[in-house]
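Note that chain A is present in both complexes that follow, paired respectively with chain B and with chain C.
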Partner chain A sequence: MMKRLSLTNRVKLVLLAAAIGFGVAAPYIFSSFIVGLLSLALIAGLFAMSIDLLAGYAGLVTLGQAGISATASYGVGYMANKVGAGIPAQLLVGIAAGLVASAVFAAMAMRTGGVAFIMITLAQGMIVWGLSIRLYQITGAENGLTGIDRPAFVSEYWQYYYFVLTVVLICSFLLFIAVRSPFGSSIKGIRESESRMRMLGYNPALQKFYVFMVSGFFASVAGILFVYLNEFISPSAAYIAASAIGVLEAILGGIGTLIGPMIGAFIIVYIQNIVSTNLERWPTLMGLIFIVVILFARQGIVGAISSGWRRWLESRGPSGPGTAGRDPSDELALDSS
Partner chain B sequence: MTKRLMRTIAIVAVLALVLVACGTPGGDETTTTTAASGTTAAPTTTAAGDTTTTEAMMECTEPIKLGLLQPLTGGLAASGGDAKDGFELYWETNGLTAGGCDIEFRVVDTAGNPDTALQLVDELVDNYGADIIVGELLANVTLALADRLKDKDVIFMSPIGSADDLTQREVDTYPNFTRAGGWTSSQTSHVLGDWAYKEGYRNVATICTDYAFGHEMCGGFTQVFTEAGGTVVPAQQLWNPLGSTDLGTYVTQLDGFGVDAVFALQVGASVSDLLNNWTNFGLKDSLPMLGGEVMMDVSNVRNVPAEQVIGLISSGHWAEGLEAPATQDFVAAFDGAFDRIPSYYAAATWTAAQYIQESIEAMGGDISDRAATLDVMKGLALDTPFGPSVLDEYGNPIYDIYIRQIEERPDGRVWNVVIDTYEDIDQFWPKTAEEYLAQPVYSRDFQGNAGG
Partner chain C sequence: MTDTLTQATSREAIIRAQRRKRRLIFTAASLVVFALLVWWILGKMSVKSFWLQALNGLSFGAVLFFLASGFTLIFGLMRITNLAHGGFYLVGGYMGFSVMNWTGNFALAIFGAAMGITVVGLFTERILLRPIRGMEQPEVLLTIGLTFVLGDLSLAVWGGDPTPVPVPAFLQGPLRIGDFAYPRYRLFVLACAIVVALVLFYIERRTRLGAIVRAGVDDRETVAALGINIKAVFTGVFMFGAFLAGFSGVIGGGFLTLLPGQDFEILLFGLVVVILGGLGSLPGAVLGAVLVGLIDSFAKALVPELSFFTLFAPMALILVLRPQGLLGRE
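So, the complex of A and B:
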C-alpha cells in the first residue's frame, strides 16, 4: 500500500473528493428543487450503473431493468398504501419483490445472450408494465399509488438527499469492488468468450444468473429510493421508456466504466428538468447529444475523456511522474477500451 | 502522497459534517418547510428565514404567480398545446393584471409523465413561488399532483384532468383543490344516458378504453341509462387497452350484438381508428354511435375525414357551436390567433384563467389566504365559453350539459352544435350527493348497472 500512486489515480482521487465534497455541500448552495433533482440524478445514476454491470461488464444489454426497479417500488407502495405497514415491512417487501422479479427474469434469460437477451428482457419489462396496469387491487392501475411517506428521520428533502447520497455511495463502492473481484473478472470473461470460460470450468449460464441478481439488487435499491423520493409510483416507472433511458444514460456516460452511467444520468436529468422549462424542443436537444456522442465518442463521455487523457500522457513522454501510457492500475482507461 | 490525499478527503468530510451541524439547508426558503419540521430536531440557526411575504403581497410589490403544467411533447402534445394556447390567449386578451396586482405565469412540459410532473411542480412551488398551479391533462397525473400539493401553500386547479373522486369521495383529502373550469368524467355521460333512453334506445353496448377515465365515462352512461329502464348487458361492455389502434375485431363484435346503439369512449389515436373502422364496416348509417365527450371533441374529429363524423352525437360541457356570445367570442379569438377551432382543452384553461382573474379581483389582489380565495371562487357566477358556470360545495362546476351533433361549417371544417340542453347539471345528477357518494367510484367492476 505504500506504492506511489500514478498520476491518473491521483487525478481520479482528487476528482472523487471534489465530487463528494460538492455532493455534501450541495444543500447549502442550491434550492430545494435542485437538491431534489440531485437526489433524482443520484438514483437514476445508481439505476444506470446496475444496467452498466450487465451491459458493460457481462455484455448483456437489458431493456427490462425498469421492470425490476418498479417491482421493488410497487412492493414498497403496496405495503404503504394498501396494507399500511411500517417502514421495515415496506423495505423488506420492496427488496424481496425486486429480488424475486430478478430471479424469475434471470432464470428466463440466463441461457441467452446478444439480441435474444435484449428481446427477452424487453418482454419481461413490458410484462411488469402490463401487470401494473391490470392488477388494480395491488397497483392502483394508471392512477398509481400515493400516500407513501418517507421514513420520519429523512422526511425533509435535504435529509432525504443525504440519505440517498450515502446509499448511492455505498452501492457504488460495492459495485466498484464487485467488478474488480474474481467474480467481476469471470463475468468480463463471459463477455469476451463464453466458450473459453466454459473450457476453464465456469458455467456461463450460472454466472449470468448471478450477475443478473446482483444487478437486480442494485436496481431494486434504486427503485426503493425513487419511490420514497416521489412518494408516488405509477406504471410509467415500469414502461420501456424508463428502461431505455437507463441504457441511454449508460451509453452516454460510457458503458463499462461505472462512473460513466452516473455522469450520463446527471446530464439527462438536467436536460429533462431544467432545460425543458426554457426549451420546448428539449427532446430534440437530447437526440442531438446522443447522435454527437455516438458519432464522435463511441466510448461515451468518460471513454472519450480517458482516451484523451491517455493520449496527453503519452505525448508528455515517459519522463513524467507516475509513468504514463498503459499503466496497469489505470482501470478507467482499460475498462473503456 | 496517499496519506496527504486521505488527509484532504478527511478534511473535506469533517468540514462537511460541520456544515451539516451548523444549520438546516434551505432554511432561507419560505415555502418549503412543512409542519413536520418541528419534530425533526434539526438545529435551525439561519436567520432571515420567515420574511413577511404576506404583507408584501398585499401591497402588490410582487406579482401573483401562476404555473401551468401540460404535456407539450409526446403523444399528448396536440391536446396539451391547445391547453397552453387557451391559457396564454386569455391573458393576452384580458391583460395580466387583477385586483391591482400584476400576474405572471410559467408553462412547463410534463411530457405526460407523472414522475416528471412531480419534479416540475416542486420547482414551480418551491422555487418560482407559484400561488396557483393549473394542470394537468391526464387524470393519473392530476391525482399525483393533487397528492403532492395537498399540504403546500398553493391553490391547485384542474380544468382538464377529470378523475371523479377529486371532488367526490376524496374531497376532504385535497382541501386546496378546485375544479373551476373543469368537470368530472361521469358528469357529462350521465346526461347522455338519460337522453338515449328518452330518444327510444333500449339496448346499448359500450366500448370504452380500459382505464379509470374510460371506466368513469362508461359507468356514468350505463348507470343512468339502465336506471331509466334501458339494458346494458355486462358481456356487451367491451374494454380495449389504452392506445389500441386496431379496433376492427371489437367493431365486428359490436355489430353482432344486435343492439340499438353503441356508447363509445376512445382517446388519442384510437378515436380515428374506431371511426375509420365504423365507416369501413358500414355501420355509420345503420348503428348509431353515441360518443363520450372527449372522443367527439374537435381536437379529435378535426383529424378525421369529415364524412366519417358528420351527424355523430355526443354529450359534453363544451360545445364550440353553442350560440352564446361568450362561446363564439372565444371561438373567433382562438380561431383568429391559431387558425383552428378551439378544443375543450383550450376552453378549459381559458375558463380556469377567467376564474383566477375574477377571484383575484374579488380578493382585492391578496390571495395569500388560500381557503378564503377558494371560498370566493365558489361564490362566483361566471359567463364562460362553456356557458354559465357556478361551483358546487365540492368545488366542481355546475354547468349546462349539451347533447351535441357534429356538423359541417360553411368553411368546410366540422364542429359540435347543440341539439339539446340539460340545464344546471351537477356532478351527481340525477341523484343527490348523499345517494351518489354512497356508491363506489365507477370501475370495470362497478358500472352502476341496474340490470346486473
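So, the complex of A and C:
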C-alpha cells in the first residue's frame, strides 16, 4: 500500500500539478508574444537552476555562468551559420563546446571557494564575452550569428514552446534526483564544512569539479534552447549582466530550492519585458532589485513561504505533520558563508 | 619534553627550507620564462617598438595599479570584495570630465572626482554594506547590483559616446628624447604611479595607521580589544580605496577614454591583477599590474584577435600552480 503523504507534500504536489497544467494550457490561452516570453522564462529558469546547483547546494556563487551557456549557443550558431551542418551536428558541437568550457573553468576554480570563486568565474565569463567580440571569424563579433533555424518539427512558436517545456521539465526532474542523491548530499557537505568532508575521505576539489560540470551541462542545455528560441546569438549573451541576472533570479526565488530559481526567472522576465518596456532604465531597476533583495530578502520567495508555512504548521500543534524530515540547511544558504 | 620540542623545531625548519627551495625554483622558472618571452618578442618587432609597447603596457599597468591597490586594501582588511570598484572608476572618470570642463583645472578635476567617489564609498560602506557585514557572498552580490545602478545612471547623465577626459596643454603631445618620441601624458601617469606606490608603501610599513591596518588584516578582534575603533578604520579604508578608484578613473580617462561598459571591463583587468598578484597584498598589486599591463600591450601588438585570451592563460596557470597568487599568503 502507498505511504500516506504529509500535508506539506500534498500541497506541493497539487501546486506542481497546477503549474504543469497551466504550462500545457498556456498556448491555448495567450498570444504568441506571451507564449514566446513563457519559453524565455522557462529557459531562464533552467539557467537559474544551474546557477542554484552551484550557489545554493554547493555554496559556490558563480558570476560567469552565461559564459558557459553562451559558449554552447555559439557552438550551435557556428555549425549552423558558418559550417552549414545539420541539426544533430549543431547539437553535438553545442553541448561539447559548453562542456569543454565548463571543464576548463572548473579546473581553474575548483581549488578555491567563497569570494575567490566569484571573482574567478566573473573573469571567466567576461573573457568569453571579450573573445566573442574579437573572434570575428567564429562569432561574427557584434553582429552576432544569424540564420540558426529551429529543427523542422518545432519550427512554429507554440511547437517550440512545448519542446522547451518538455526539456525543462526533464532537466528539472534530473536536477531533483541529483540533489537528493548521495552526490547531492556530498556537495551540500562541501558547502557546510570542507574540512569535515576531507576527513570523511572526499576530495573537495574533485567534488567541486563534478558539480561544476553538472551545472555547466544544464547551463549548456539552456544556452542551446535559448539560441534556437531567438535563432540568433550575440556577445551580450555572455556578458556579466546575463550571469548576474541568473544569480538574481535564483536568490529572489529562493536559493537552495529548485523551484525558487524558476519562480524568480518568471518574475524577472516579466519585469524586464512587460513592466519596464515603458521604462528606459532597466539596468538601474535591476541593480536596485538586486540591492533590495540582498539587503532584505536573502531567503527568497520560496524560503519565506516555506518558513511561514512551517510556523503555521507548528501553531496547529507541536506534533503537526510535515515538520519532520526537513533539512534546515536548505534555507539561508547564502548566509552561512 | 626537550626532545619533542627540538623535534618540532627541526620539523618546522625542514618545512621552511622546503618552502624556500620551492620559492627559489618558482622564481628561477618565472625568470627563465620571462627571458624567453622577451627574446621571442624581440624576434618579432624592432627594439624601438619593443620599448614603445613596454611603456604602453606600463602606463596601462599604472592605472590598473591605482584601481587594484584600493581593491586589495579593502579586501585585505575587511574581506569585502568590492566589485563596484569598476563602477567607481567609471563614475570617477566622468566626474573628472565634468569638473575639467567647468574649471579647466586638471588637479581640481582629479581630486574633486576622487573626493566625490570617496563620498559614494562612504555611502556604500555605511548604508549598504553595514547591515550585511561579515556575510561575504551577499556583500559581493550587493556591490555587483550597485555597479549596474552606477553604470546605468552615468549613461543617463553623460551619454553613451566615448568620452576622453581633457588633459592640460603641458601634458599633451609627445616628449622627444633623441629620435624617440613618447606621449607626455602616459609618462605623467607612470610618474604618478611610482609616487603613489611609494606613498602607499610608506604608509603601510612605517606609520601608526599602517600598523593598525596591518594588524587589522591579521586579527580584527585583538585590534578592537586594544581600544582602536576598528569600525572607523574600516570606513576610512573603504573610503580611501574608493578615493583611489575615482583617482584612477580620471587619470585613466585621460588616455583610455570613458565608455559605458568600461566599468566591467576595467574591473576584469583589476581582478586579474589581484588574482595574479595575490589578494590583499600591496606588492602583489604592483607586480600583477605590471604583468597584466605588459601582457595586454604586447598581446594587442602581436596577436590582436586573442587579446582577451592572453589574460586568461596566465590566470589559469597561476590558479593551478599557486592559487593564492604570486605574492599572496596561504
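Everything that follows uses one rule, which is that the second predicted complex is superposed on the first by the 296 of 337 C-alpha atoms of A that agree within 3 Å, B and C clash if a C-alpha of one lies under 4 Å from a C-alpha of the other, contacts with A are read in each partner's own complex, and residues count from 1 in each chain.
One rule holds in what follows: a contact is a pair of C-beta atoms (placed from the backbone, for glycine too) under 8 Å apart; a residue touches a chain by one contact, two chains touch by 3 or more.
What you are looking at is a predicted structure, and each value in this text was computed from that prediction instead of being measured.
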Touched partner set for A:E156, first chain B, second chain C, both or neither: first
First, second, both or neither for A:V35, with chain B first and chain C second: first
Touched partner set for A:L206, first chain B, second chain C, both or neither: neither
First (chain B), second (chain C), both or neither touched by A:Y136: both
Touched partner set for A:V24, first chain B, second chain C, both or neither: first
First (chain B), second (chain C), both or neither touched by A:V247: second
Which of chain B and chain C A:P283 touches, first, second, both or neither: both
Partner chain in contact with A:I177 - chain B first, chain C second, else both or neither: neither
Partner chain in contact with A:G144 - chain B first, chain C second, else both or neither: first
Contacts on chain A seen with chain B and repeated with chain C across the two complexes: 136, 281-283
Residues on chain C engaged by chain A in the complex (per definition of touch): 75, 79, 81, 83, 128, 131-132, 135-138, 140-142, 144-153, 156, 264-265, 267-268, 271-272, 274-275, 279, 304-309, 311-312, 315-316, 319-320, 323
Residue ranges of chain A in contact with chain C within the complex: 61, 63, 104, 107-109, 111-112, 114-116, 118-120, 122-124, 126-127, 130-131, 134-136, 239-241, 244, 247-248, 251, 281-284, 286-291, 294-295, 298, 334-335, 337
Chain A-touching residues of chain B, taken from the complex the two chains share: 1-2, 5, 8-9, 12-13, 15-16, 19-20, 23-26, 29, 32-33, 36-37, 39-40, 42, 72-73, 106, 108-109, 111, 113-116, 118-120, 122-123, 126-127, 138-140, 143-144, 147-148, 163, 211-212, 241-242, 443-444
Chain B contact footprint on chain A (complex, rising order): 1-2, 4-5, 10, 13-14, 17, 20-21, 24-25, 27-28, 31-33, 35-37, 40, 133, 136, 141-144, 146-147, 152-153, 155-159, 162, 230-232, 234, 236-237, 272-273, 276-277, 280-283
